[in-house]
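Quick heads-up: structures coming right below.
Look for chain A in each of the two complexes below; its partner is chain B in the first and chain C in the second.
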Partner chain A sequence: MPFVIGMDVGLVAIKGVILEDNHNIAQVIKETGVKPALAAKACYDELLTKANLSHGEIKGFGVTGWGAKRVSLGPDLSGPDLKIKSEVVCLAKGAIWALPTSRTVVDIGAQIVKVARFSENAKVKRFDQSDKCAAGAGRFLDIMSTALELDVARLGKIGASASKMVEISSQCSVFGESEIVSYLNTGEKIEDIANGINYSIAKRVSTIVMRLGLEEDIIVTGGVAQNPEVIRYLENMLGTEFKRYNANPQVIGAIGAALFAQEIL
Partner chain B sequence: MEPVPKELEGIELFQRYLTTFELIKTALTSFETVEDLMSAAPEILKTLPEYGVKVFQSLRPDLVVAAFHPKNRGAVLKCAEAQIPFWQGIIDDIKADKPQLEFWFAQGPELFRALGFSPLCSEVTMVASAMYKEGCEDAIDKFRMKGFADHLCTANVAYPGYVMNGNWKPPHVMVKPGTPCPSSNLAYQAIQKWYGNEYVMYDSTYYLDKDGLMHQSDAIKRAIPKLEKISGQKLDEDLFRQQMEESNKTYALCGELLELRKNKPNPDPGMHRLLDLLMMVTLLGKPSCTEYFQFIVDEAKERLSNGGTPVIPEGKKEIRALHTWAMNAYTPELYHWLEETYGMTYITCGLSYFIDHQVDTSSVDSMIEGWAQRIMNFAMERQSMSFGDVWLDDMIYLAKDWDADCGIFGGNLSCKQGWAISKLLADRLEDELNIPSTRFEIELSDKRTCPPDEFKHRIGSFVETILID
Partner chain C sequence: MIVAGVDVGSLSAEAVIMKDGEIVAFEIITVRPLPIQSSTEAMENALAKAGLKMEDVDYCVSTGYGRDEIPFSQKTISEISCHGRGAHWCQPSVRGIIDIGGQDCKAIIVNKDGGLVDFVMNDKCAAGTGRFLEIMSKVLDVDVSDLGQMTFQSNNPLKISSRCSVFAEYETMFLLAEGKDAIDIGAGVNEAMAERAFSLAGRIELNGNIDGDVTVTGGVAKNVGVIKNLGNFFGREITGLSLDPQIMGALGAALFAQMHYDKEKE
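Showing the complex of A and B:
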């Protein structure tokens, strides 16, 4: 089976994978920065290095995400044509790859929350997404953890040790940050504030999910899927249990893009 | 906002529209392609007065390119030819101090003309501002700066902004039914308070039945004496009849056009929908409105007989989209882009769904009833009927009988009516017809909510889910 690359060029992070015979043999996650084309090229090169492959061995290249149209391999490299696909179809494709019984994917990315329901052959039946505000998406957690002077990756763990929940009432990231600073000044514990942040984001995501309607099995993708407290709250709010799978939740869209590239070889 | 020159005080916006339509007419009758126009532009600019140059330079290039496309240019030209005398008439009437009446868009202008007014739809900025790079956002902000919330509908609040800045002379009277549209209610009340003009609001109905119709037409009848007093003229029955007979012809053509869109591929370009709305709110009841619709009906028929430029490129599979609420009124050429890029055609939307109701013109009462019925059938009014089921049934009927492939709910962010039914509608489309749908936030006249590139991205993402088999 030939090697194919899939890349998901998000607003904050670029995610790349190499598939060989449907197996993910290498993955890279990098910051997108202000020049997505350069970041994509660096991601591509890093993938080749990790998999110990040369450019000539790559037979397909699928790209998705906000910055997909900005990606090129540059004038010095001729190679497989870029196949650009929308994030939603790639997420559905990737979700089926990660868990063949999945029928709903909830993607909590940095700026946008996307929810899609799809058939067994990954045909999207319906999807919805958050609108212009990043509240409820990963960026919200980044801003809040910065205000708490915490690594965002620890927000879930710290929140789990809370003795109570501090209510984050604002749905706006900027106002939410102000609320947190106020709570810190009034002596609230960091773990209680973290607990409130995790709950707040789950609440926001749950409304989008319910608007679309659930269909089992459900998987969660995107960076926020790695926050166990958000996931726990979301499961409680939706009255369901998300299915776990053996892949990094951040690269599911990139895998979907790679699968599309593979299909048209 | 830019200050208005003294000589254009109170009419600047109308002069801008007039100049624009004159430029469009000249461009479409003088040049075959947009490239020809652009290469001649430096010479053209030398011949234009300073104001004309400014208007020319403010036109949005993407819209001009779409207007020149063979499938669009005929309708655009026909629309421009009709709009030129309309705007000249508005300017002349204001200068002559003829009683000026501004009305909310679900009403037709026919009754107001018969009452001796020079009627103008307040929401006309919603469609006309689409022609300019700057849109009408400055006027929207001007109104907001007075302390109004930024979630008021931008289709309504550009109007008071233009009035405040002097681009638009406050009218003698504003008229609207009491439809649950808080944005227009607030905007009109503000104008009345600031400028002291009259404001006639008559009751609306919430049921689309015989009793509802009686309620609506009685409310209109009670408003007529107030309007007669303001204009100083009694209702001219003959003029009313003449207008209603003409609008009957227009509505019949709207019905025919909608039927023609059942064909596959849809023979009627999506960019026409904004032109249709502009024609209806400005010229309904006038022969030029009928002639415009006759033109696009004929053009659609010609396409069906393989005689015209196709709506979607040859070889592209058609995707038939039902826009279940509003259009994006700030960049109508995006519907041209959807046709060219994805083969996605436009069945109809809430703002271009003109239900053919033929009015009985035998008496004043029957004409008022017919005029009332059309209000009840129009966007915003029809969505408010009953528990939303009227609109839901309409959309299901359209989706089914026009064989829609998908529903697109471009929800006007500020519109409660629309958002209240968005999920019910999506559920019914899926459950009853197995049709996928999407929804996203736009503002009718404010591109800052969903900029054109974001709009493309969102609809494009959705279309790709349909294209995958």
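Showing the complex of A and C:
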């Protein structure tokens, strides 16, 4: 079975995978930076190095995400022609790959929260997203954790140790940041603010999810899926339990893109 | 009779001192952590300029988001009423006021006496507020006060399509990385800002058809590029004010102080 590469070019991070016979044999997550096409080229090369493969051995290349079109305009990757697929179909495809019983995917990326319901063969039935504003998306968490001088990856853990919740009233990330600074000035504890941040993002995501309605099993993907407190709050708000799966939640879209590239070989 | 108005906003605080119906001094400062500190400093500086002391003030009205925490004011009045009153006093032909502050944007319609007719406010989202300009000027690595000129320097203003300030920041970063001219981006930022304020004003039917002049108050009124673009959207020139547009809230508060002092004396 030939090797294929899938890439998901997000606003903040590029996620790349190599699939061999449906198995994920290498993955790379890099910062997108301000030159997405160059970052994609670097991601492609790193994947090859990791899997110890040469350009010629890659038979398919699927790309998705916000910056997919920018990649096609970038330097030649010396591989096969790239196939661009929309994020939502890649997410559904990747979700079925990660958990065949899944029927709803909730993707919390840096920029957009997407919710899609799909059939057992990954055909998307319904879809909704937040697209006008960073509220509820990963960028909101980044900004908030910077204001707290915390690594975003620690926001979940620190929030879990809170003794109370400092509620964040602003939905706007810009105003939320000022709000947090004022809480710090008035002596609120970092863990209590972190707790409020985790709650606020879950609240925002849950309204988008409820608009579309859920169908079990549900999986959560995207960088924010790595924050256990957001997940816990979201499960409580939606009154459901998300199914855990054995893959990095950040690469599900990239895997979907790789699967599409594999299909058309 | 000496009256004072103090306006404590999110980014700046202003104080205006009036004596017998004339402005004798005003002061604009960057806010301190607490509204009481900001208001006291602005007030004391303005009083010092006028050669007066706090005890000389017969009546003081406070406005702005920190208005409830100011011990030396006798009354609080919303900044919407104050901005309308202040701008109308300055320029009696004004009926429409767009106030663009550090973290909100308001559109206000007043009657021929400066009384409030209608208003609309955005304080939920940074788009269309001074914060948006601050964020953009940081990405462009220019002082926010230099942004306005770019509208006149650019031959090819670029469109900023993201409404959200966070996304617009990224959009700007990518435009710069593609080698686009910072001046063209800055001109686009001013246009985007004006477009948002204009669309907010449209919600109370404050548009080019209003019977009377339109003016802009608040810190962003000093951005000539935003003013030029707003003029284009309104299809008429934006009326300038004879006084610093940033003090209109404090001025309105001082005018209310005068009214209330007179009323209480009766």
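The rule is short, and it goes like this: the second predicted complex is superposed on the first by the 257 of 265 C-alpha atoms of A that agree within 3 Å, B and C clash if a C-alpha of one lies under 4 Å from a C-alpha of the other, contacts with A are read in each partner's own complex, and residues count from 1 in each chain.
We adopt the following convention: contacts are C-beta pairs under 8 Å (C-beta built on N, C-alpha and C of every residue); 3 or more make two chains touch, one makes a residue touch a chain.
Keep in mind it's a predicted model, so treat the numbers as computed, not measured.
After superposition on chain A, the partners chain B and chain C are seen to clash. With both structures placed on the common chain, the touch criterion links A:R211 to chain B but leaves chain C unconnected. Of the two partner chains placed by superposition, A:I25 touches none, neither chain B nor chain C.
When both complexes are overlaid on chain A, the residue A:N185 reaches chain C alone and has no touch with chain B. After overlaying the two complexes on the shared chain, residue contacts for A:R126 are found with chain B alone; chain C is out of touch. Once chain A of one complex is fitted onto chain A of the other, the partner contacts of A:I143 are limited to chain C, with no touch recorded for chain B. Looking at the shared chain after the overlay, A:C172 reaches chain C, while chain B stays out of its contact range.
Once the two complexes are overlaid on the shared chain, A:V34 sits against chain C while remaining clear of chain B. The superposed model places chain B right into chain C at 199-207; the other stretches listed in 73-81, 199-207 or 217-225 stay free of clashes.
Chain A residues 132 lie at the interface with chain B in one structure and with chain C in the other. Listed in rising order, the residues of chain A touching chain C in the complex are 11, 34-36, 111, 132-134, 139-140, 143, 170-175, 178, 185. By the touch criterion stated above, chain C contacts chain A in their complex at residues 10, 33, 103, 123-126, 131-132, 135, 163-167, 170, 173-174, 176-177. Those residues of chain B lying in contact with chain A across their complex are 423, 426-427, 430, 436-441, 449-450, 457-458, 460-462, 464-465, 468-469.
Taken together, the chain A residues at the contact with chain B in this complex read 66, 85-89, 92, 116, 122-129, 131-132, 211, 213.
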